[in-house]
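Below, each structure is written out as structure tokens.
Two complexes follow with subunit A in common, the first pairing it with subunit B and the second with subunit C.
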Partner chain A sequence: MYIVSVCGMGFGTSLMLLMDIQSIAKDFGYEVDGEATDLGSAKGKKCDFMVASSEIAAELSDQDVPIISINNLLDKEELKQKVLPLIESIAKEESK
Partner chain B sequence: MIDFLVSILSNPAIILGIIAAVGLIALRKSTSDIIKGTLKTLFGFLILQQGSNIIVNSLVPFSTMFTEAFGLTGIVAEDNSLVAAVQTVLGKETALILIFSFLINIVIARFTKYKYIFLTGHMMFSFAGTMAIVFNQMGVSSFWTVVIGSVIQGISMVIFPAISQPFVRKITGNDNVAFGFWGSSWISLSGWIGGKLGNKEKSSESMKVPKSIDFLKDMSILMGLIMIIVYVVTAIFVDPKVMAEISGGENPFQFAIFQALGFVVGILILLQGVRMFLGEIVPAFKGIGEKIVPGAKPALDVPIFFSFAPIAVTLGFLSALVGGLIVTFISSLLPVVVLPSVIGLFFMGGAAGVFGNATGGRRGAIISGFVLGFSWSLLVALAYPLVDVTQYGVQGLWFASPDAILVVIIIRLIGMLFGIHI
Partner chain C sequence: MTLLSKESIALNIEVNSPEEAISVSGDLLMKAGVIRKEYIDAMVDGFKKVGPYIVVAPGIAIPHARPEYGALESGFSIVRLRTPIKFGHKMNDPVQLVCAMASNDNNGHIEMLRMLSSILGDSSKLAKILTAKDISEVYQNISN
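Presenting the complex of A and B:
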């Protein structure tokens, strides 16, 4: 599966988000590919879902993939609760 | 043979490629990941250089226009573009300082109580470039530039997060992450002033900010609008005959607008390059750092604080913009005209808003943003004579990060003790 993480510049918090998600996924035995990008270039990217901080996520609402909005970027528990179910269901889809 | 090695190691793209490859190998990544990571690092760096060429190409006519119009030098404070532009001259030093400073950071974190690991890649790159430029100007040899620059950067990567940590704890409510951004001291100071003058009871987050300014979150739009205004206003003040010469006969406004857009395009390309090589290098650095330093606190980029008070970000940015513009207007009293530098004003002003809100509510956020915008632009203007970047063929750009500028000031003062004058 391929995910896109988004922030204002595309290499600060988005990269951290991506790495955190990859490590959460790895803990549960999933392999997640993805890229960190800025708001401008995120739109229209092909991926399974996008993830961003809440204020950036609001700008992505017109995308046709699920958008995960994270309120506290430093809270790994929030990230896990929001991202893991989606990763699990996508992994199930893929293995069909 | 030696010539061959020197030629390889003088190419910063190759050094960064090697850093990525070694990092990925140390993390025991698969062969395909190592090839991918190494090549993407090389691509990223080459893209960055192309972006920097575009920026320089649209800044050169602008600098001419600005000097013609106002008889003054106008600069935009933007580290990434500046450091990218000097890579053809100081690329090897920059890449080597980047890697060695990170190793020194790990050693300090491993053996002292300061467990900070600085992970904001583009900031490490720009600081390394800053060190390379400063020591090169002071006539220090390449070897000693790398040695002294790495030590200073390695220490800075721990000290600055440590200074701002009390504020970070107040905002995040925990001690797990740190602030890894070369504006942290200035933002903390602005937040502290905002706290003294504000009222903590009235948080910015109970305010309503109109939806219509949401588009400002897209950096390219914001920068595009401001650069168009800056270029067009400058063009109006240039003597029409001279303007015709600069624009090569093209309609002056069309010329100014497209030069402004070209500048933004250059920044977008440059950032794409930065994104590509950091996407490979930062995860490798992070993996290595966490393996060697137990209990490491990652020092992260500024937007991690934005989600704690999004409205304070907008307030802080807008008041920082006002503060910055005031400095632009009083610049006839200063050594140089600091044009509104959107990227810095947005990220630092926004963070100052969050810090000010945490200590002094909405009034704190506004005051803190204003103090940051004004004092930062003033710092850039006053420190400008310390380092001359035009000798590398760079016009219209100067350093932006206040922490780095503070370090540069200290270095130059110490240099004076040893008889190295400006």
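Presenting the complex of A and C:
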């Protein structure tokens, strides 16, 4: 699966999110590819889902992929609770 | 530990606006030789343009800019405000810790993000930073 993490500049918080998601996924035996990008470049990108801080996620509501909105980017538990179920269901679809 | 020096920590700073808080955190990096002045302007501009998303967690802002705007090395600073100030974030205001960060290459950048998120994401370390009496106490807590 392929995910896009988004922030204002494309290399700060988005990179942090991407690394954290990849490590959560790995802990549960999933492999997640992805890229960190800025808001302008994110729009229209092909991916399984997008993830961003709540402020940025609000700007992505017109995208036709699921958008995960994170309030506390340092809280691994919030991230896990929001992202893992989606990763699990995408992995299930992929293995069909 | 090279990403943070004691000189890049300031405690109980009083500011009147988010822009001023960002400038103070940037000044520390400039004095440490991590960035040039233009990087501070870029961080303030970034905040004005893209807004309060740099408030990554309750009470914590991480101002930054792109490397090409005057980042000379990798490093971050820690500014603890005496009076928390609003950055305009719906959920994570007000901000008490401002950690400006800069890096001149991707590897340094990733290393720094990992370090910052492991420090600030650790609730006991964070509590110590917020209550430490002096700079040495903050520095030791982070270096451990």
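Throughout what follows, the second predicted complex is superposed on the first by the 96 of 96 C-alpha atoms of A that agree within 3 Å, B and C clash if a C-alpha of one lies under 4 Å from a C-alpha of the other, contacts with A are read in each partner's own complex, and residues count from 1 in each chain.
Definition applied: contacts are C-beta pairs under 8 Å (C-beta built on N, C-alpha and C of every residue); 3 or more make two chains touch, one makes a residue touch a chain.
Only a predicted model underlies this, so the values are computations on that prediction, with no experimental measurement involved.
Undergrad: In the overlay, answer first, second, both or neither for which of subunit B and subunit C A:54 touches.
TA: both
Undergrad: State whether A:16 touches subunit B only (first), subunit C only (second), both chains, or neither.
TA: In the superposed model, A:16 contacts both subunit B and subunit C.
Undergrad: For the three-chain arrangement built by superposition, which of subunit B and subunit C touches the greater number of subunit A residues?
TA: Comparing subunit B with subunit C, the partner touching more subunit A residues is B.
Undergrad: In the overlay, answer first, second, both or neither for which of subunit B and subunit C A:8 touches.
TA: A:8: touches subunit B and subunit C.
Undergrad: Is A:81 contacted by the first partner subunit B, the second partner subunit C, both or neither?
TA: Neither: A:81 stays clear of subunit B and subunit C.
Undergrad: Touch test for A:89: subunit B only (first), subunit C only (second), both, or neither?
TA: neither
Undergrad: Kindly classify A:40 by the partners it touches after superposition: subunit B alone (first), subunit C alone (second), both, or neither?
TA: first
Undergrad: By the touch definition at the top of the document, which applies to A:71: first (subunit B), second (subunit C), both, or neither?
TA: A:71 sits against subunit B and subunit C alike.
Undergrad: Pick out the shared contact residues on subunit A: the ones touching subunit B in one complex and subunit C in the other.
TA: 7-9, 11-13, 15-16, 19, 39, 53-56, 71-74
Undergrad: Give the list of subunit C residues in touch with subunit A in this complex.
TA: Listed in rising order, the residues are 46, 49-54, 56-58, 60, 62, 64-66, 89-92, 101, 109-110, 113-114, 117, 120-121.
Undergrad: Enumerate the contact residues on subunit A facing subunit C in the complex.
TA: 7-9, 11-13, 15-16, 19-20, 39, 53-56, 71-76
Undergrad: Inside the complex, what are the residues of subunit A that reach subunit B?
TA: Result: residues 7-13, 15-16, 19, 35-41, 53-56, 58-59, 70-74 of subunit A touch subunit B.
Undergrad: Which residues of subunit B touch subunit A once you look at their complex with the stated criterion?
TA: Touch residues, subunit B against subunit A: 119-122, 172, 174, 176-177, 214, 217-221, 268, 271-272, 274-275, 278-279, 282-283, 286, 298, 300-304, 306-308, 310, 313, 346-347.
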